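Shown below is the structure under consideration.
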Amino acid sequence: MALKTPQQYIDSVKKLRPRVFIGGERVENLVERPNIKPVIDTMAKTYELALNPKYEDFIPATSHLTGEKISRWTHVPRSIDDLWKRRNLNLIMAQKTGSCNYRCMGQEALQILASVTYAMDQKLGTEYHKRFNNFLRYMQENDLAANMPQTDARGDRSKRPSEQEDPDSYLHVVEKRSDGIVVRGAKLHQVGAMVCHEHICAPFTPLHKGEEDYAVAFAIPNGTEGLTYICQSGPIEAERRQAQSIQELGIPEYGSIFTSMLVFDDVFVPWERVFMCGEVEFAADLLKKFASMHHVLCRGSCKVGFMDLMIGAAQTIAEYNGIATATHVRDKITEMIRIRETTEACTTAAVGNGKEDPPGSGVYFPNTMFSLMGSLNTHYGFPQVALLAADLAGGSVVTMPSERELQNPETSQYVRKYLKGVASVPTEYRMRMLKFLQHWTAGPQVAAMWDEGSLQVSRALVRGEALAVLEEKKKLAKELAGIKD
Amino acid sequence: MALKTPQQYIDSVKKLRPRVFIGGERVENLVERPNIKPVIDTMAKTYELALNPKYEDFIPATSHLTGEKISRWTHVPRSIDDLWKRRNLNLIMAQKTGSCNYRCMGQEALQILASVTYAMDQKLGTEYHKRFNNFLRYMQENDLAANMPQTDARGDRSKRPSEQEDPDSYLHVVEKRSDGIVVRGAKLHQVGAMVCHEHICAPFTPLHKGEEDYAVAFAIPNGTEGLTYICQSGPIEAERRQAQSIQELGIPEYGSIFTSMLVFDDVFVPWERVFMCGEVEFAADLLKKFASMHHVLCRGSCKVGFMDLMIGAAQTIAEYNGIATATHVRDKITEMIRIRETTEACTTAAVGNGKEDPPGSGVYFPNTMFSLMGSLNTHYGFPQVALLAADLAGGSVVTMPSERELQNPETSQYVRKYLKGVASVPTEYRMRMLKFLQHWTAGPQVAAMWDEGSLQVSRALVRGEALAVLEEKKKLAKELAGIKD
Amino acid sequence: MALKTPQQYIDSVKKLRPRVFIGGERVENLVERPNIKPVIDTMAKTYELALNPKYEDFIPATSHLTGEKISRWTHVPRSIDDLWKRRNLNLIMAQKTGSCNYRCMGQEALQILASVTYAMDQKLGTEYHKRFNNFLRYMQENDLAANMPQTDARGDRSKRPSEQEDPDSYLHVVEKRSDGIVVRGAKLHQVGAMVCHEHICAPFTPLHKGEEDYAVAFAIPNGTEGLTYICQSGPIEAERRQAQSIQELGIPEYGSIFTSMLVFDDVFVPWERVFMCGEVEFAADLLKKFASMHHVLCRGSCKVGFMDLMIGAAQTIAEYNGIATATHVRDKITEMIRIRETTEACTTAAVGNGKEDPPGSGVYFPNTMFSLMGSLNTHYGFPQVALLAADLAGGSVVTMPSERELQNPETSQYVRKYLKGVASVPTEYRMRMLKFLQHWTAGPQVAAMWDEGSLQVSRALVRGEALAVLEEKKKLAKELAGIKD
Amino acid sequence: MALKTPQQYIDSVKKLRPRVFIGGERVENLVERPNIKPVIDTMAKTYELALNPKYEDFIPATSHLTGEKISRWTHVPRSIDDLWKRRNLNLIMAQKTGSCNYRCMGQEALQILASVTYAMDQKLGTEYHKRFNNFLRYMQENDLAANMPQTDARGDRSKRPSEQEDPDSYLHVVEKRSDGIVVRGAKLHQVGAMVCHEHICAPFTPLHKGEEDYAVAFAIPNGTEGLTYICQSGPIEAERRQAQSIQELGIPEYGSIFTSMLVFDDVFVPWERVFMCGEVEFAADLLKKFASMHHVLCRGSCKVGFMDLMIGAAQTIAEYNGIATATHVRDKITEMIRIRETTEACTTAAVGNGKEDPPGSGVYFPNTMFSLMGSLNTHYGFPQVALLAADLAGGSVVTMPSERELQNPETSQYVRKYLKGVASVPTEYRMRMLKFLQHWTAGPQVAAMWDEGSLQVSRALVRGEALAVLEEKKKLAKELAGIKD
C-alpha cells in the first residue's frame, strides 16, 4: 500500500468523529476550525515531505516486517543510520513549520513497545511482541498517524498512583474481561490527539508491586467510545480565532503547540491491542527508553530547529533595525549560536553512540547520557535564546499594532512611516518579523520547558546514568591523591 | 480643590475624545471597550488608594507651590522621605493590580522638568521654570493624570536623529510661530496615553549641536488636534475581547500592560506649555535624571511587586500540587526570594542615598548607581523568577482548558476530576492560580525587559557612573602592588 | 587609658607565648616569622588607622560603659550610625591591606554576647550580662584585640553534636568546678588567633535539649594552658617563606588569609569569664545575630573592598596591555562593577534598616534579609569578578617568572623586553600588577566562599527570614486570581 | 627503530643542555630539580603508556611515511578513527596524571604543518611539504618529543605585529642567509619546552601583506644556540621546592602545569627545517586548523579528564564528611556531571564529524564548530566544577595544616582527632583528598582558561563558523513569517 498523500490524510481526518471540546463548546468540523486547522496542516506537512523527492534519502524507510517502503513515522529504528534519519525528520519539520510535528511521540511509542514487548516475552514468556508486531504492520501498511498520551492527571504529586485519594488520577485497568480490558483515567497535555488515527498508551512512572492495574499499555483508534478530548484555550487560541487573515499571525500556517486532555471514561480495549498488563517491573525500563529517545528528538532536535528560526529572525530584525554590526549584537547572536550548537553536538553524540536494546531485539536507542545532555542544555539555554531574541527585537515585539492597521486608510500611512527601520526594508517585512518573534518570545513557547517532563526528572535520570562512573572517578582521584583504601 | 474620586476620574475620561484605533478599527467608547477598560480601572485604582485612609501616611502629599493637599502622583519629591513614599506608591499599585499603574512616567515627567527647567533658567537665564510651575500647579489643583511618551520611532537605529532619511523619526519642531510651536513625529510603546488627561513630552536621547529641533519639551492635553493613538493588538488583547466573563482571564480586573503609538501629525503647542526648545546640552542631563528615577520605580518597585505576586502564586501552586515541602521546590522558592530581595535592597539603598539635584532646585533624585543596580538585577532576575514559577506550575500553565469548561455539563465533571491537585483544594482554585501564572509566564510580561529601554543603555549608564571611581580603585590596587607611577 | 599605637601592639605580641606549630615545627618568634609577620602587620594597621586623624570621624568611638574614647574594634554598635561606621572600618581595612583584618569576629563576639547575655538575664534571671560588661570594659580600657573561634571540628557532618562518635567533635564542657569550667574540643579555620590577646568562644550551631554541655560561651587569654595553635600551610605560605624580598609577593606587606586550628585540651575558664553555660535555647538566637552582623561585614564589606582592588587591578592591567577601550573589555569591567555595587547596595540597605535587638539592650544589628542578600550575591559574584580579572590579565597571571629574574643579569633584559605591554609602562609595573592579580585569581581567595559558612546555611537562613512574607505574597496572588479561600 | 622506554627518554633528557632559569637562578641538573622533575615524570608517563599492552589498541600507530609502528604522539591523524584515538590519548593522560601531558601541542604542530605545507606546495609550487616529511620521519623514527611554542610576547595588544614599537614583540625573521634564516623574539607560556627534544614554531595570528617576516614556521632542537628558557615561579613552585616528601603535595608525582618563556636571541635555522617563510596568506588557515584540533584536545579532552578527577574527589570528600546523600550534595554532583558530559558530547561530535583538510592531503581535522562548542562550554563550566568541588570540600581545603603535622608527636594526635570526618575513614585519607582538591580549587588550575587563548578569540571563531549558516537561518525565519524579499 502506498504512502498517503496530504490530501488523503485530510480526507481521513474528515471521517474521524472524536468528541472534542474547546472553550466550553463542542467542535463538529475539525478541518475548518481555526484552532485545529493548523494542527491538521502540520500533520499534512509530514505526509507531504514523505513524498517529496528532495528528502527521499531520509524520510522513506523499509519495513523490517514486510520489506515494503513505508514512512519513517511508522518505522522502528534498527541502526545508528536509522536513528540519524529519524532525528533529521524532526529537525526538518521544526525548521519548516516552527511547530510541534504532532507525530513524534506516536513513532516513539512504536519504538519503545517494539523493544519492551520483546523484552517481556523473552523474560516472561508472554506473547506481547507478536501482538504488537501485528499492530505495527497495520500502522505501516495504512500509513497511519499515532500519538502517545503521556502525562497522567497525577492528583497529589507527593503521592504514588496507588496512594491517591482518587484512584483514577493515573490511567488504570478497572475491569478485565474475556475479550479485553476496560481502562479509566485521563492524560494531559496531549499534542494533536484529535487528528491522529490511533492513540498508543503506556505507563510513564516507575511502578511498584501492588500497582499492577497501572502497568497497562495498549492502542485504540481515535474516537473510541468513552474518549473525550478537551482542548487548551488561551491567548494564542483566542487570537487565532479572531484573525481575519492568517497574515496577522506570528507563524501563519502552522505555529502552535496545541494540546488537549484526553479523558478515558471506561474505554474498552480488546486483548489483541493490549501490549502490557500488570508487568510493573517493566515500567521503569519503558520510561528510561522513552527518555533516551524523546530527549534527543524533542529538546535535542525540534528545539534546535526552533532555535534556528529564532536566530535567523533575530539576525534579520537586527539588520532591519540597522544594528547588526554592533559588537553587543554580534556577541548576542554568537551566544545564541553557542547554545544551539551545544545541543546539536549533544544530539550528534547521542545518535552516533546509539545501541541495540535489548540485544537481539533489533531496536536501536540513542546514548542516554548524551541524550539527556542535549535536553538539559536546551532546558537552560532555550529561554536564553528567546530572551536574547526579544532583546534584539526591542519593545515593538510586544507593543506592535495589528497588521490590520496597514489596511486601515486612517492609520496605514502612520504605521508604515513610524514602524519603519532602515530605509531599504518595507515596513510590512519588519512588522511580520516582529510578529514572528512575538510568537516565540511573548508566546506559549515556554512550553519547551515541559516537553520531556520536569527538570527534576531529567536530573534524576542523569544521576542514574552517572552512578556507575562515579566509582570510577573516585578511583582515579584516590589513585592520584595517594589513597590506597 | 479636592482629590478626584475614582468615579470623577471615570467621568472625566468619558469626556475625552482621543482618536484611537485598535485592530484596524476606530474606538469610540473608551470606557466599555474590553481592551481599554482594565486600563481605566487601573487608573481609577490610583485615585481610589489616594482617598483610602489606610494609605494616608504615604499617598497624599503637600504641594510645595500652594501648600495644599495633593495626590503624590502630581507631587515633585523634595526629600528622601518623599522619594521613599513615591517608591511605595508604585509598589502597592503593583501588588494590588499586577499591572502597570500607567501614571508613573507622568509623575516622573513633572519631577524631571522641575529640575531641568530650574537648571536651564539658572544657566541660561530662560523662563522655563516659571512656565513649568504654572503647569504643575494646574496639574496639582485639578488632580490630573499625565503620561510621558518616551520612545521615538528611531528608524535606522545606527543613525543619529539628524542623520535619518526621514527627519520625523524623532519627534521635532517643524515650525516656530509667534504663539507657539508645531511638532511632528511619533512616540512608541506609550502606556495608558488614551485615558490620561495630559501628555508631557521630552527628548530621550543625548543631542548634539545642530539637533536643536529635537531638543523640545512640552505638554498638551489628550485629544489635541493632530494626535492619533494606535493601540497594540496581540494574543492577550484578543483573549480579553473574547472572554465571556472576566473570570476567564489571568488577572481579571486589571492585568495588562497596554500601549499605543502616539502620532504627532503637526501638533500645535502654545509657548506657555513649551519647557525646552533648542537647548541640546540639557538632553543628556534630562535622560540621566529620568534613568535615576525611573529605574528605581519601574524595575526597582513595580517589578518587585510583580515578583511578590509570582512568588506567592508559585508557593500556592506548589501547595496545590502537593510538592511544597520537596527540597528542590524550597530551593526554587528561596532563589526567587533572593532575586526579589536583591532588587529590594538596591532600591532601598538608592532611595536612602537620594540627593537634591541641582542644588537649590529642591528636587530630589535617588542615587543613580544603586538605582541602576536594582534595574540590572531585575533585568537578569525577573525572567528567572518567571521561569521558576512556570517550572513549579508545570505544563498545565500552558495546556489548561478554558474555565468555561466548568460551566459545560458535558466536560465539567472531567475537568473538575482530572485537573485536581491535592484533595483538599477545589479544582477552580487550582485552575485560577494556573491561569494567573499563565499570565506571567506565558504572557506578555517579557515586556519587563524594555520598560527602561535596552540593557545596553543601562550598561552604558553604569559605565558612566563608574568612571570616577575606577581611578580610585586603580590607585588602591597600585598602592598594594607596590607600584608608584 | 589611651588607644594603643601599632608599636605598642607589636610589643604586646612579643610578650605572648602561644604554643604555635606550622609545617610540623614549633614557632618561637612570632614577630619575625615570614608567615605570621603579615598577620601582625595587618593587626598593627588596625591600630595605626585608629590613630590616624583622617579617619577620626568613624574609627574612634565612645564607650557606653565608661564614656571614654575607645577603638571601634572594641565597641558595641548602639545606633544605625554606629553600624555604618563599623561597616566602613572593614571596608577601609580591606581596601588598604587586601587582607582579612583578623579583628572582625572579635568585635562581633562582643556585640553578640552583649545582646545575648542581656536577653538571657532578662528571661532567666542569670547574671551573664554583668559578667560580660566587666570583660567588655577590660577589653576597651586596654584596647585589646580579640578573635572569635567559630567552626567546630564536626566529625561526621550528618550527625548532631550529641550523636558524634567522638564527643569532642564540638567544643564542650567536660567538667564544672567551683571556680570555673573545663572545656575540650577544637575550632578550625581561625584567623589571626595566635596574635590576638583574647579568644571569645560561643556555640555556632542550633542546640537541642540534652546538648547543654555544648551551650558554652566564654573568654580566655592567648596562650592559656591547654591551648595549641596549628597553622595552615599551603602554597602561599611556602612562597612567602621562600621570598628573598617582599617585592616578590602579590600583596607584599599584608596579603594573606592565614588561619590555624585552635585545640582546647582541657582548658580551664574561671566563672567570671563564662557567659553562657547550658542555655541551649539561646544558641539559635546567637547564630542568627552572628549571621546578621557577619554577613554584612565579611562578604558585604571586606569582599567589596577586595572587589575594588580586583577591579582597579583589572582596569590597570587592561591599560598596560593596551586593550582598555575594547568593547568586550569595557563590558567585563562594567560587569565587575555591577557585582560590586549590588553587594554595596545590599549592605547599605542592611545597615540603614538596622534595629535594636532585643529591645532595651541598646545593641544594634543590621537587617538580616538584606545582610544575607549581600552575602549571597557576593557568594555568586565574587568568583566571577576573579575570573573576569584573570581573563583580562591573560595567561601571564599564571606563567610569569619570578621578579628575581629582573635582578639576574643573564635574564633581566629578556624579561624586561618580552613582558612589556604598551611602550609607556615599565615592565616592573606590569609584572607587579600581574603578581597582584595572581594572588587574587590563582591564589587562596577562593576562601571567600566559606567565610560565613556554607551556601546551604545561608539559603536556609533566607528561607527562615522569608517564611513570614510568603503568606502575604500568597494572599496578594490569590486576591488577584479571584480565589477566596 | 623501537619506541623509547621511559628510562630511555629520561636518559635522553640528561644529555640535553638547555639554558634554563628559575627564580633568578640557572638550572643545571634538570632531572633532579623539584620543579622540573614532575614534568619529566609526566613526559616519561607518555612513553610508559605507549608500551603498555593495555592501551595497544589506541596508543601505537603506523607511520604513513614508513609503514613502521610509531608512537601516536608523532603520528598525523589520517582518519576519524585516528582522531578518536588521538583524543583518548589526551584523556587517559589527564586522568592518570592530573597534569598537562606536555606533548600535546608538539603532535598538533606535526599535524598542522603536514596539512599547511601540503596546501602551500599545491598552491604556490613550493617544496615545504617534502622538507617537512623528512623532519616528520626523523621525529617518528627516533620517537622524539616536541613542543610548539605558541604565544608571542605581543607588546601593545591593540597593535598588529608590524605596528609594534619593538618589532621583536612577535617572533620574526631578522636575516635570510644562503644556508638558513635567523629569527628573533619570544614565546610565552610554553609547557614542557625545556625537556622536549624539538621545538616547532609557527605564526599564531592572522597576518597581512607587509608582515612576511612574521610568517615563519620551522623546527629547532632543544638547546640550540641563542635559546633561553625562563621558567614560571609562583606559590605552587615554591611549595614543591619546600616539600620534604612528595606526600605533602596535592598531586604528588605529576600535578603541575609548568611553563617557561622561550627567548629566541638571533637563533639560526637551516633551510631544511624551515616550513614557511613569508606566506602571510596561510597564517589564518594555520590558526584555524590549530583551533579545530587543539580545542578538542585541550579543553575538550584534558579538561574532561581533570573534571573526572574533581568529580571523583568531590564525591569522595562528601562521603568522608558524611554528607553524600544530602539532596543539595547530590544536585551539585549531578551539575558537575552535566558540565563534564556536555563537553564530552561536543568532543564526541567534533571527532565523529572530522574531515580531510585540504582534500588530498590525507590529514584529518575535527569539526571546528563542535570543537569550539566543547571549548566554550568548558570555559564556562570548568570554573563552576572547581567551585562546586570547593564548596563540597569546605573550608579545610584552604586552611588545612601540612601533612608534616602527622609526623610531629606534639600535634599529630590533635590533627588526627580533629580533622577526622566520618568515623570509618582514616584522617590521612581525608587530608590527602583535601590536599588534592586544594590543588584544583585553590591552585593554578585557573590556567585552564587560557590554554586555547582568550575567550574573545574563541567567540570570534564561532562567529566565523556561523556566518554561512546565518543566511540559511534567516531564510527559514522569513519563509515562515511570510516575507518574500
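Labels for the chains are A, B, C and D, by order of writing; each one numbers its residues from 1.
The rule we apply is simple: contacts are C-beta pairs under 8 Å (C-beta built on N, C-alpha and C of every residue); 3 or more make two chains touch, one makes a residue touch a chain.
In this text the structure is predicted, and so the values were computed from the model without any measurement.
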If I average the CA coordinates per chain, which chain comes out farthest from chain B?
D
Interface check for copies chain A and chain B. Shared numbers divided by all numbers used: above half gives same, below half gives different; which is it?
same
Centre-to-centre distance between chain B and chain A (centres being mean Cα positions), rounded to whole Å:
38
Chain centre separation in whole Å, for chain D relative to chain B (CA means):
53
Give me the residue numbers in chain C that touch at least two other chains, ranges are fine.
328, 331
Complex interface listing, chain B residues touching chain C:
95-98, 247, 250-255, 308-313, 315-316, 330-331, 333-334, 337-338, 341-342, 344-346, 348-350, 352-353, 369-370, 372-374, 376-377, 425, 428-429, 432-433, 435-436, 459, 462-463, 466, 470, 472-483, 485
Touching residues on chain C, where the partner in the complex is chain D:
21-26, 151, 153, 155-159, 165-166, 168-169, 186, 188-189, 228, 230-236, 238-239, 241-242, 257, 259-261, 263, 265, 321-323, 325-326, 328, 383, 387, 390-391, 394-402, 404-405, 407-408, 410-411, 414-415, 417-423, 438, 441-444, 446-447, 449-450, 454-456
Can you list the residues on chain D that touch chain B in the complex?
327-328, 331
